């Protein structure tokens, strides 16, 4: 079975131009079934777990909360609600370390050690019965954000304007980052929910066509989804894509499948496409069928310094330290802790920060992989240009950033860069291109 | 012989006259009104029209000098005295204001504020560190101490002291604001020199938590509020804030009981005059050894 | 001429000296580049050019500074140019008469002294605003500095490019001349490297005056980063 | 025809005014910091050179035979005044053109390249048409050199040029290397391969 | 309000100076003219003498045995001897001249002809001696060139190269051949490493000879007639 | 327990390709070894000595004046060695050693260090060195000797004392095929050009090796394939057109491609990443420009060979190309 799929995948696969081929490291965890994380003592829920305005807290110190309770409401339209994953007591609303390195307001909840931690089951809300506005509001109340990494509030994305019909609903199961396997496992183990969620979303946005893009290194997911879709009688194209980073970036996926480019500064919906991560869709289904708001997600805990790499279903707000302990802890050699994949993930100073909605993986690496290579001057070899999927000129951007020529950087489209890291990956001179571009972007934005 | 002389003089005088008349007429007819200061400045320039200043000619240079787009010292032909004269001429126009200097709102140097991790990136600038988990320091607000501000200051008014804190030399600071702009942690503020009561901390953490990250953090204990005249200082989000509208009321009194020395009374330079490391080790310098 | 005061006397010396070193027209102000590069392929040509320029600068300064209160502003430049051009033509004729060989080598560059930025620049910046005495001191200083610079370049270029100095062969037969030095690129390179050399001298002087302690600290700081 | 081509190419590439004759170096070194400015300065140069060629030819044929000793002085006066007049006229007739090119005119008029053009063209005994081709080549050559240098100088903004050599010293050496590269054009279309 | 103060002053200044500036310029021109004429008249004879001497030296060099020379001008397609003491042609006037050389016995021994041709860098201007009796070039001298020192400038210095012109036959036309391959009298042996300059010299001779040889031939016939 | 290990932070990405700049340089240097060996085969000891002198010039300059790289010793990145080797390969076998040394010093000093060192130079350092030598010592650098099988015999001029000319003891010098063609219209046989049995500079004689090296470097993605493609195609087409007009007078395209320094220059010098444009379109313009200039100089110019000047001139234009020819950004 799997063999035939693999043969099929050997045919010419769709892909985009440029990009890189980092080593995958997926075998560390891609066969580990998703485990459920036991509850721990304390949870920290940052109010900002998504792109947009922070949520507004609804609880006060000492208040008792039940799993699934809304503890913070959306702060504006581009914002979502926040729910507690556990029964327990609010012990503080204050500043806590956020994965992004800042100290930001968060709600601290002490779990009730005697609770069953069962979800209360409020009456079912069938999505078919809801009007458009109700549907959107429901998703916002459910706290659902994109789980593909950016954590963009889902209701905003699904709220497509009348004049821009969605021709094509594309599910993103590429998971192109090395090491990460959570989406992979979700596709294999939650195929049913995935199909169901897709059906809900397809009905809602009236998409003419539905497809799911999967990198060719996950043949079992391709098969699982093909079977699930025929079982459910829901026609859905499963498109294997070439293994290449960053295949999972939505612009690249659209280029690969449709051969179209998303115009600069525009969204996929401007070319009639809606892209959503598979995890997001599962969360959608879970909300509508099981009334579970977004209180937990699947996270890959992996890396050469993790004793027992695993895919774990984790309540949000779990301190990373506990999660890593659950996976056997880290070895002596650990030197670097990341949230997310090794190409785009953000580095952590310590394990004190909590898991948030956008966390797709925790990676602990050793000296050996992360050894920063020596920095020489740019030799203008052009490798970065040939790697950049957006056809930018990273070499130039790096040089300009070094001299603080921010205006010139803007002229060279620095703001278009989505920081995929391909350029830094290939640069033989070890130039911190992405970092330079990040700085440049920050400077350009500040000066505006 | 005589004929030669007459011819020469005739031709020259003729040419001279002809063009003088043409130009004089043109001068009158085609004159355009402009800022009179441009003429004045142009008058003081050497008229070499050599382009050494990088501008297409003395007049354009004068226009730009008056518009404050270029520095007068770019003219290499003028003598020092002439340059000073022009500067003085334009300076009078500029008017006067109270001298302001840049003040650093953080005193957490290497000794005071500790780090959680080690920065291993190759881009050793504050801006570079700031995009990496906000830098290695435990305090998310504090100075990163890599001296982007020192690099950016054109006036050599900044140096890193041996605690890794950028120190402003008030006499040299022109309040140009470059350091304010470059600092990723927004730690600089341009203040009139008369503001002497300064809270050198930006941490919004409460008391002991703040102090656990940096020994000179403001713990919001409120003693300065109590010791200062009513309304001069208040605690906002765990931080003492001076209301500079009441600056005239301020005195060193308020700083005396501060347990962490987060609030200080500054006369002149902000940090102690420790043995200094002048830091022309700009990033450029790091890569470039003079040959 | 009125009796010069002591202050004026010392200023005279100062104006004279500054042109030679501190405000050297070539090395510091980078003026009048064309003759500096075009005719310095031998020391003799450099010297001749330097002297010709000196002559013109001296007499134009003299004239301009004595007439400084007579010439109206608007035609100032034109008048200066006429004065300069006159002297240049005179020099041109004289050189052709006295040293035809040198005149041939310098070619049009004698005539081009007219537009040498240095000369007009000095008239404008100095002679037209100062007493005759100071103007002459300035003119002499500047032209000496100019001649000195030309000679420096000329010597380097001739020694390397022809193996001789003032036409006296230095290395004997078999010397391989560096032809490039007497060709255009050699002019650019020589001046470029001389400027580099002067920058280096200045830097060293500055470092010395700053004291050794800081220099070592500077090194340490560099190590640290 | 062959001759005109050679006159043009020779002035443009082989005997480039800036790189081989060292004419007009002050603005070459001064105003080559920005590409935009350098290019416009080059265009203005071509323009003034064309005017110069006409003036020089006129003076040389109609006046100088009677008073050869006035060559220099009449060249400079006539060229300077004509250009100044043209400048004013341009300012009045086409302010746009003035803003683009006119501001460079004062810089160019008292410049070796212009006077050099007049002197060389007359020394070589060029007629009006030859003179114009010569001016075109010379002006084009100056523009080419300016644009190349400006391009390189703009690039140096992102390079780690050692402090010691920054500025004029580096510009001179770049000019030297350019001059060396231009030596490759020697003998173009003259030696008949 | 400041503007108002300034306006009249400036206008007034312009008004008054209009006359003054014109007269200043006129005066400057006047005096400069005086000085120039003076300098010119003073140096003219010396410069002329220098030139004449240089010319004479060059002619004597390219016409061995020459003791005196006369200038010959091309007028209406004929060569005409210029009278002694005739005024120099004015600058800019087109006159084509060659020089006839006589030995100490007053006998016409040949002609010195100038010509120019683009070389490696720039025009090469040269003069050469032509003996119409034997129809050979008897001497060659470069007057102006910018050829590379040490390479192309061997055309003016290299004795080996110059020895090509001791008796260079002009019929069949002059030809440049690589070094060491000279076989016939009409061949010039090139300088190694400077073939271009050598060829330019060849072309220069060839072109001038094509232009002047027929004219000289006629002149020569007449001269012989007269002489005989 | 977890905080105990030394935690370091840096920015994404945390993985890196294996290719590094020193590795590129060293690999390039290895591919030059066969070419150098061919030179030794044809020209004997002279070839080795000239290379050693030029490399020494480069290394000494880089060592004393170069800035310390991340590897400490500035020589470790191998780029100075590449420069020295390439400079040597463009010199004639009988070249005085002291001049080769000077060439090396100029190449690194003026071609590289004044620009700020590795990766910063606008012009190709080896060619700056060669252009300097050609302008400084035009006679010595245009004195060619045939491959005469004297493996141990030095050419008389090699050992000229510093600042002095060599004794031209063996007047064996010949013209290169290009010069033969230019001045005497006598093209050499293509087979000789391919195998290298001709006079010329050390590295340019054996066309076959250069073609192989080119293919290898393209396969290893060390050089940008567009540059050789653009240059060679342009030269072939342009010279082909000229050839069709007057086949007797002008060289055939095959001769143009194989003779002189075109292959060496194309494979190793025009491809210097530092001094060539970045974007693919820019690279096309650059390489076509080189091709056109080469043909222009070779056919109508004063010199028989123009590869070096063509490359230097297009190096000069590279900043302009980089500025005006930018890649089209996604979505624009």
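Here the chain labels run A, B, C, D, E and F in written order, and each chain numbers its own residues starting at 1.
Basically, a contact is a pair of C-beta atoms (placed from the backbone, for glycine too) under 8 Å apart; a residue touches a chain by one contact, two chains touch by 3 or more.
Keep in mind the model is a prediction, meaning the values are calculated, not measured.
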*Would you mind checking which chain's C-alpha centre is most distant from the centre of chain D?*
A
*Take the average of all CA coordinates in chain C, do the same for chain E, and state the distance between these two points in whole angstrom.*
34
*Separation of mean Cα positions, chain B and chain A [Å, integer]*: 42
*From the C-alpha centre of chain A to that of chain F, how far is it in Å?*
49
*Would you mind pulling out the distance in Å between where the CA atoms of chain A average out and where those of chain E do?*
85
*Mind pulling the chain D residues that touch 2 or more other chains?*
26, 29, 66, 69-70, 73, 77, 81, 110, 160-165, 170, 173, 177, 180, 183, 186-187, 190-191
*asked:* Could you pull out the residues of chain B that touch at least 2 other chains?
replied: 4, 8, 11-12, 15-16, 19-20, 24, 27, 49-50, 52, 116-117, 120-123, 128, 131-133, 136, 284, 287-291
*For chain A, jot down the residues that touch at least 2 other chains.*
346-350, 370, 372, 374-375, 377, 396, 402-403, 430, 432, 435, 438
*asked:* What's the complete list of touching chain pairs for this entry?
replied: A-B, A-D, A-F, B-C, B-D, B-E, B-F, C-D, C-E, C-F, D-E, D-F, E-F
*Which chain F residues qualify as touching chain D in the complex?*
110, 113-117, 120, 122-123, 128, 131-132, 135, 182, 293, 296-303, 306, 308-310, 312-313, 315-317, 319-320, 322-323
_chain B residues touching chain A - in the complex, by the definition given at the top_ = 116-117, 120-123, 125, 127-128, 130-136, 138, 140-141, 152, 181-182, 184, 204-206, 283-284, 287
_Help me check something: in the complex, which residues belonging to chain E touch chain B?_
2-3, 6, 14, 18, 21-22, 25-26, 28-30, 32-34, 36-37, 40-41
*Using the touch rule from the top, collect the residues of chain D that touch chain E in their complex.*
6, 10, 14-15, 60-61, 64-66, 68-70, 73, 122, 124-125, 186-187, 190-192
*What residues on chain D touch chain B, complex-wise?*
26-27, 29-31, 33-34, 37, 41, 63, 66-67, 69-70, 73-74, 77-78, 81, 84-85, 88-89, 91-92, 103-107, 109-110, 160-165
